[in-house]
């Protein structure tokens, strides 16, 4: 059995590819891109919520939010490590991010305008992320699958916290309820876009499904998310901003309105409300930290010499 | 009880404001490992602040502003700057990573020495807070010390910045040690010994800068910090979150 | 009256927020002459904001938050971000001197063209505000244009920064011109003509950047601005100043 | 009559020295230092109050404060121009300031902690400045004397506005009254120090009096200020923080307590509460503006060439 056959058989048997295993270059490249984009998303995703830590209106919510953003940094760390098992380099990946050569989830290019956004991001954005990510816990690439197991566990915790914040706000003042509804209006459609373009237009899906690094199509996952979210919205007492949203007993699913894919493409291609600000901030942190990382490297080198 | 409330309030305010300054590093730290560590330290201090403010409120309810909020939130979000009792060290704004590590080293070394004494406090709640805090602060101090040493003994640039950071922090050190009795002196000696060790390991110079005189209880940095921290809470005084 | 109130409120909010961004240059401008000029422009716009907010309140008292303050202060200090109607252009935070001059050029060119039309408004108060404003805005535009030209045609570095500033501002231009009728088109043409002239004189390139899509009425920059601006007023809702 | 005699005679007749007149080097140097320090004080003085413009609690107060700080920038401008008539260079003077080689009034090294500080600075600090500056309108150096006439007019306007703010605050809430008293407590003694060391220790006074660039001693001016301020404080309803302050009918003046000159020397020598922050901010503005000034110079040069 040659290397390719061995690889194919491993995939076929639903076993995992590990860092030392031979793998086709296409698989390696695709995995690096997938894992890096996921890592970038965690890191960029710290910004829209992180901005509210210093302004959180209660100490308990401040602690919850700070812990959540810390988890996101932690997720970024595992994921960059998983990418490194494929031969990638963290600094190189960061540079690809800030030079716009690698993407991150477009959802983080929307602004957070009130504290209700923190709750809605937990509910809808983390909810959509979980729908996307649960199947990835069975990704054929071992380190990524294991990272996803841990990440999914923490994400569902974040989702519950977000939803709980919204429940509290909905039982508060009228202003708070208005904030929740407004945030829901702004985040609903972008959340649906998190599952990517419709299957008919998705180019990577077939190969990724064959390699078992993707296990459901975009439209399947999107439908699952809608079906899950509608009863949650009802329980919360907010209206989802889609007049076409209704239960379809024949399909056994909720029908929903047309997604504005032109808008989606605009945001993905760099022209969303906050693309520039997010990347600039990441670039600034990276550049401002250069002298610190240089110092750490210099110290480590000196120390090694001294020991040797 | 008034004495206990006062101590808890002061220690709580220090932790709350210091935590805020660490929160400002979110999405701005030099490495992901530091994002995680700084958030962690910020969380520990926020936790200390919450317990201490609640204890202060319980010991002396007159301290708590009359608003429809929990004690800890009333104290954090509805007091004016002049009613905060934190040391000026934690207020200072801006500053690069070297300054922040110098401040964290000074702060956690001082606070650790304080908490080690509070473990024997007659108040059981405070004892428990202190016991937990000792573990946390030991980690904070070690984290900061490692960076002070690495930056001090790293590149020429980092050495220069680390010395500048230390020099910037130093004039606010004396204020931490205002007591006159034997134990206060022991506290200062402990502090000086730790600092000397780290400063030597980092090939740095001990600063001999005079303390910055006080003019009012706070610096100009506290009011803008509170304006930000309290903005949402104060815009919705009747809300629950 | 509701229509009049709406116009005055929108124009007033634009002036108030733009003035705030100019206030941030105090003690930070490149030359003393610019300190004086930027403060002057900030003052003019603050004056416009006060008159316009007062007119809006008079035309539609329902707009004014129910607090124990004058109309202009109730509107400025006791509205939440979502109740402000300024364009996003004036909210954008940070940015260097080149960005600020590009924004001021765009803002004052647009506003001058608007005010020139308002001079014929049926409301006499608004007419008077507009007539005074036209003189002020002409000066603002000329000040900004002079700097855009000088920076564009100065050094290589300043040319690069001026182009970057213009590019940063440009995606927020379309939002200023949302009307569809003949006069709206004429307004845009006037604006484009002035911009083209300045851009050419400054040896700059006309940006062709697409507008930034809206997501909610505001950017992330407005809430922190208001937190700062409103902090003292909201901490003392019953005070008079 | 030689140059020196001509100069002496001009001074003697209370006439003014003008830029083209011959003057002794010592006079020139002393005047440059005096005018530059005054200019620096106006510019540094923009900071402590300027910080409150964006936070002023009413639009009217915001406008008043912004106009005042603008006036200070204008005063800086006239004064640097007056210094330039003596052969000094504005950029060079700015560099002397940010390198700590020239001083500015130590009063600006104290923090502004509440909005009441804006009022108290107007009342006491501008009040003390006026006491110092009114005699300078008769300075023997013409351009300086003329600048001072304009400046004094504006300063008294500022002083009235500051006092009026305090009157309004004193008739407001208890919190506002407390703020005014607290600010008065913090600014009173530093204001007394604005007149400089006691006559017995003042080194420059004699020569400056002879040259008529100074017309009253520090202690005379300080006494005038105290006598003026006590009734104002009474009218306002605040207590000046000096237990020794009382009317002395024999002297026909108010007696007052001992000034802490050690503290004064600390602040003057760079170790006040805000010395570092003030200079750093000025340095940053100067450095951040370098590329802009360079561009203006380059543009002017090109333009000149094109014309020629």
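In order of appearance the chains are A, B, C and D, and numbering begins at 1 in each one.
One rule holds in what follows: a contact is a pair of C-beta atoms (placed from the backbone, for glycine too) under 8 Å apart; a residue touches a chain by one contact, two chains touch by 3 or more.
According to UniProt, the chain labels map to these proteins: A, D = Phenylacetic acid degradation protein PaaA.
As the structure is a prediction and not an experimental result, all values here were calculated from the model.
Trainee: Which pair wins on C-beta contacts, A-B or A-C?
Mentor: Greater number of contacting C-beta pairs: A-B.
Trainee: Approximately how many whole Å separate the CA-defined centres of chain A and chain B?
Mentor: 34
Trainee: Measuring centre to centre with CA averages, how many angstrom lie between chain B and chain C?
Mentor: 40
Trainee: Give, as an integer number of Å, the spacing between the C-alpha centres of chain C and chain A.
Mentor: Going by mean C-alpha positions, chain A sits 37 Å from chain C.
Trainee: Using Cα averages as centroids, what's the distance between chain A and chain D in whole Å?
Mentor: 57
Trainee: Where does chain D touch two or more other chains at once, residue-wise?
Mentor: Those would be 55, 175.
Trainee: Would you pick out the residues of chain C that each touch at least 2 other chains?
Mentor: 80, 223-224, 227-228, 231-232 - these are the residues of chain C that touch more than one other chain.
Trainee: So that we know how the chains sit together, what is the shape of their touch graph: line, ring, star, complete or other?
Mentor: Basically it's none of the tidy shapes, so other.
Trainee: Can you identify all of the chain pairs that touch?
Mentor: Every pair of chains in contact is listed here: A-B, A-C, B-C, B-D, C-D.
Trainee: Hey, which residues of chain C end up touching chain A in the complex?
Mentor: 80-82, 168, 171, 210, 212-216, 218-220, 223-224, 227
Trainee: Considering the complex alone, what residue numbers of chain B touch chain A?
Mentor: Listed in rising order, the residues are 16, 20, 23-24, 26-33, 35-36, 39-40, 42-43, 46-47, 49-50, 53, 69-70, 72-73, 76-77, 96-97, 149-151, 153-155, 157-158, 161, 228-229, 231-233, 236, 238-241.
Trainee: Under the definition above, what is the set of chain C residues touching chain B in their complex?
Mentor: 80, 223-224, 226-228, 230-232, 234-235
Trainee: Give the list of chain A residues in touch with chain C in this complex.
Mentor: The touching residues are 48, 51, 55, 110-114, 175, 182, 186, 190, 263, 266-267, 271-274, 276-277.
Trainee: Name, in rising order, each residue of chain A that touches chain B in their complex.
Mentor: That would be residues 43, 46-47, 50, 53-63, 66-67, 69-70, 73-74, 76-77, 80, 115, 165, 168-169, 171-173, 175-176, 281-282, 284-285, 288-299, 302 of chain A.
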